[in-house]
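Below: the structure, in structure tokens.
As written, the chain order gives the labels A, B, C and D, with residue 1 at the start of each chain.
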């Protein structure tokens, strides 16, 4: 199936004194992008989950490769796939490219927890079924000029370690 | 009386693609510096006020001049004086300098509010008395190579507009 | 004439532990919004000015009132008017509202400088004429439920102090 | 050998609307902490490398586990060890704990590159020898109440993939 896709413009304030994106700003972009996926891809407002259902979705794991540097003014295309969908957690794969050139590759694990208890809580069933629409199929795996990382297939099969 | 003083190192991530401090990062420095003033200058932990007394101190006003740019690696000396101390709000003057050269001049107004009600709440009396120790005296006014701004004396006498 | 307008969604990461927008994040929004104004309102790419013309537009002054707090998930409508357009600097007025309720009011002064020299440089003439399209007319002054600040008219007439 | 250690106070602005550290802020802490390691641990000023030697040290890889959430006002103890020191890159292990409880575990790969060329450049020899002082010895591996991750030993032995 298709990835969830969005474009993010690299702002002046995303860049550091070397003129490239400062890596904490990449994580801000990821946070915004995943919020947009909830809103537009899963039809589940992230603020709504928080304010009305008291559900939080903290990230508990990241594996990130910054493949090439990115400059002020570049427009990055972000793609997101679901890799593993568990009962209370899900694993995402995110890639950011500029004009077809891979800039960042991310494996991210989110857990669903109750804001009051701080404990893991089941992902609402309607979200689970929508998450499956973005499942990364082997045949649909992204292609890039750079070879895929050796560890990626293993990562995809690895069980999610959800330890909030 | 003496100003509250602290030194802040300009980090790589504070700077933008031009190599100078990006102005939102200056406001992060101000936020951290005012937290340190609460902790060390007023003997009142800001996290403690928040967690235990449910008191928040949002800023409702800023007047800021960025007098000279600041580079990665510069060590800024921050100074803070109280200018006006009201029942539920206080006005601060903050200056940041590098080796005696003024870089930023700030007028900031904080209000005290209850986290639950969102309404203004009296500043705890012990804080008020400690705030007076940092009062900006006319005679102790800071001197700089650059002339003081024409609007500053008026600003100092203007009544605090506290509108949370 | 019409203001330049854009909508900004308040993100999870914009908010602080109290659940409201943390003020340095407001300044990040302002920075992005002014970049969008350059790109869409002035047909002058901010990255292009930086990369190709070596022109920077640092902010040298802010007067900001945070009128009401803003929560995660709110959609803020930003409006921008030009107040004073000089040879090497311009003064902007920016307002952010949520469903017609004013949340933030900003006076900002930008200067144009050469990236190499660090000295002020004339605003390109084609930008000046486009800036005038967003001039704040008295008749077109924004209306709000809250009364306009007493200091605003004076501020509008005050000469720009551009001192980087 | 001993880790490089530093304490970082969790600020109001580090926390999100849920009251916990927002993960992009953790990466800002990591960036500052690694800068301090250069300055204090390696006697090599990071701004100096940048300004005078035109050497940049971008991060090209992160593997991060957020083991437990962290609240406003917590004081985190950061520890850093070198895991692998190559010719132009080094792999670090960083852990952040609060009162002995592990909060974050990081594997980070830095590369040294020339600011002008954008190409990898040898780590200055005096830095290499100082980096070895912080080498993670198996016998000195950190202990925690939580079991070590299954993947950590493998990660430690894995060759650095330095792909700027």
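Definition applied: a residue touches a chain if its C-beta (ideal position, glycine included) is under 8 Å from a C-beta of that chain, and two chains touch if they have at least 3 such contacts.
Given the structure is predicted, the values throughout are model-derived calculations rather than measurements.
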Touching chain C and chain D alike are A, B
Most remote chain, CA-based centroid, reference being chain A: B
Centre-to-centre distance between chain B and chain A (centres being mean Cα positions), rounded to whole Å: 37
Roughly how far is chain B from chain D, going centre to centre by Cα mean, in whole Å? 32
Can you compute the centre-to-centre distance for chain B and chain C, using the mean CA position of each chain? Integer Å is fine. 23
Quick check on chain A: which residues sit in contact with 2+ other chains? 12-13, 17, 22, 24, 28, 31, 50, 72
For the chain D and chain B complex, residues of the former touching the latter: 11-13, 28, 31-32, 35, 45-48, 50-51, 71-73
Using the touch definition from the top, list the residues of chain A that touch chain B in their complex. 12-13, 15-17, 19, 22, 24, 71-72
Can you list the residues on chain B that touch chain C in the complex? 17-18, 20, 22-25, 27-28, 31, 50, 56, 58-69, 115, 118, 146, 149, 151, 161, 163-164
